[in-house]
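In what follows, a structure is listed as structure tokens, so that the remarks can point back to it.
The letters A, B and C name the chains in turn, as written, and every chain counts its residues from 1.
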């Protein structure tokens, strides 16, 4: 039942936007309220997960799962939520609600036409719905369909403002991500093939729970090949190098709330997909195979991202490369055993909050200054004090300074790396993080101080809208100072699911 | 002993049939183009005419020029001794197999090119270089395509390949065989100088390959060169038909079986002559830089044939 | 005997499907690409129907039907509309020229054989011999996307890649569960429609659909 409360509001929002022609502002507000409904449902899932206490290896399969049986179509246990799904659901709905409240068209925003706003509301809500479906699906085929749907829906609204660059970004995005997803599908087919040769065909053969159960008997060679396809496929959507080339373009060219959602949660959803498969493959092969792959690709992502950040001249692209870097960090964390996984999941949560906040702020900066080039922006403190303050907070958070959450998660990650014997690798990563640190601080310096260009007014529009972002800051500070007990329980449950 | 006599007879049969085959192709083409055309036995008269004519040899020509016609003709005849023309197995099977056949064909091509280069004319050099471009991809493709068949038969011996197909008829529709057939068909067009690779009836600089190399020849040398190229056409048609559809070949050396074998051979040759004639009427010659692409396709098909046969054993 | 015939026919069908894919690397004109894709889909439908008949799996008939309607009728129609409206005729000067592309395609098929050896060894289905060909088609589709410059060619390459995956699923497991298969088809259709819209927009803003021109976004 809760599943419907979770999944239906974005769909209803989208249908509402479709029906109301021409677009009216109330549509945006109603959709934002519906976003809150989804958030409530996600929180209820999380509460149920936490309330069931600590998990042990033997109870993983049974609890807590809130399965849904749709017998009429012969599908068994199509939707399922456990602690890991609950964590992702909270992330998605949280960032989703935030971006819905700050979407174009609300708060006297005059930058888009009515047709564009309607298109945005329709597809953005469908995008949210498909992300939620991806993390609620027990059937890995359905998960695949949902992830592909996210690509398609977001591709509609990346070129919301038509220009050469936005169309180029959108084309690269849809082509590269569709190819990646097709490869992920190949991986899914290969593991289904493995299952079928073992146990014959069954309707629920693509259910994750069933795959996990039969995992120890699956053939190692086939699963190895399948995982490579899956890693490359879903890794393309997650922004793991070397399949990341679409990311800076797409995230920098799309409207700010969409960039926030994509950077904040879409990458997390793709990582979730990889994680689900990692659990199955680890049960079949032992964890060293996937760990090595994740370590390698994660390190490569951080290297490429750090050096690209040095060269970047566009502040949105800079943040996009920072997303790639953090994805790389999360991958490395996932490869470092239970402590590393804990750190990685916490990092995913922190990054969602921080990055979405940052992108939403860049939207405000862009609308005010009308340029995305770093060199043309200065005097942010004087021209837009609220935004500047929040932006500075966000940047300081994302580079890993205390008292923000990312400091804690990066610290735990490095600690896990050192305790697993990867001292040299951790040292190298620290150096790369330092590069990112320096670059982002330099950019922040350039943008904040000095005098604003002559033609920029010092009047900050829509301050109330910006004030909403204080919520994100609060979240980051809370996570930076303390780890609330429910969250710790939830994360520990996830670790048990992943690394039992 | 009778086997060896059969070999010689087989070779003579091929030599006699070759001009008739080419005449038939030209006659079919003419009829398709709504012309009356010369009768199918016209090439015989051409040969008789050429043997009677006086030869004019360039002063720049060396011994290669004089030796090449004999060498090319000899290589063609020697191949006819090794292919399953009318009966299988053949006594020469122990000496020669697929690899030797490919090398003998290559020897012929090699000396033909040298003969084109030898007199030092522009056309000859041009023809030789074009021929080498084509041969560079076509010759390995022959080997690889027939190798695909050989893997299934367990031997590169052409006689045994045929025997294997006769024993197991279902293998004729196997992907390996069909792909090898397609590859070999394209190579036939390339090696025998038919459209779309080369036009056998043109003397335009833009389009000729084989004709360019033999442009300097006259008299009996020209007769031998032409006869050798017609013999190559017959050889390739025989390979196409008897390796892939070997029914009709004599398995015992009785006159009845041999008669049937000769008749089926003639039927198959007529069929292929018709196919080639229809193709030549319908398609245009490819531009020269696109010929390697076509041959690349045939090479890939041959490669697929080998992998199909190899991994599906 | 039945199994033997089944095996040979399915492998034959898969080889023809693969060859239509390799044709994309040989021909130059965009209308040739579209008709290769159409014929490939038709042959693929026949292979699916064959597997449904000889493998006793009636669900595959539905899948074959969807495949025929979607990929042999609907998509080529839209592709041809695109071709006419955009006025694009030839893929001149790709990143890898045609002759080398063909040889690389041969190498990719060999690679596919090597990768899928373990799969062939553990499977006992009569159709398993076609698995390397399906994998080869996936690689060839990927190669077409990477080495060609016109956006329409890249779309056709993507559709060929999807064909390869469907073929792989059919040969290896007689098809994945129907619901997922339908989801896949819908995704392909929607993905294609989005790509179509984008290509028209590319044409309108860039005055050409040479993806080489899409180089504004750097650093």
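We adopt the following convention: a contact is a pair of C-beta atoms (placed from the backbone, for glycine too) under 8 Å apart; a residue touches a chain by one contact, two chains touch by 3 or more.
All values reported here derive from a predicted model rather than from experimental measurement.
For the pairs A-C and B-C, the count of C-beta pairs in contact is higher at A-C.
Of all chains, the one whose Cα centroid sits at the greatest distance from that of chain A is B. When every chain is reduced to the mean of its C-alpha atoms, the one closest to the centre of the whole protein set is C. One simple way to say how far apart two chains are is to compare their mean CA positions; for chain A and chain B this gives 64 Å. Rounded to whole angstrom, the centroid-to-centroid distance between chain A and chain C, based on C-alpha atoms, equals 31 Å. Separating the centre of chain B from that of chain C, both taken as means of CA atoms, is a distance of 36 Å. On the chain A side of its complex with chain C, the touching residues are 73, 75, 139, 141-142, 144-145, 148-149, 151-152, 155-156, 159, 162-165, 167-172, 174-175, 178-179, 182-183, 185-186, 188-190, 192-194, 196-197, 201, 203, 205-206, 219, 221-222, 225, 248-249, 252-253, 308, 311-314, 317. Contact residues of chain C toward chain A in the complex are 115, 118-119, 122-124, 138, 142, 145, 151, 154, 158, 161-162, 165, 168-169, 172-174, 176-177, 179-180, 183-184, 186-187, 190-191, 194-195, 198-199, 201-202, 205-206, 211, 214-217, 219.
Across the interface of their complex, chain B is touched by residues 4-5, 8-9, 11-12, 14-15, 18-19, 22, 26, 98-99, 102-103, 105-106, 109-110, 113, 117, 120, 129, 132 of chain C. For chain B in complex with chain C, the touching residues are 170, 173-175, 178-179, 292-294, 296-297, 299-301, 303-304, 307-308, 311-312.
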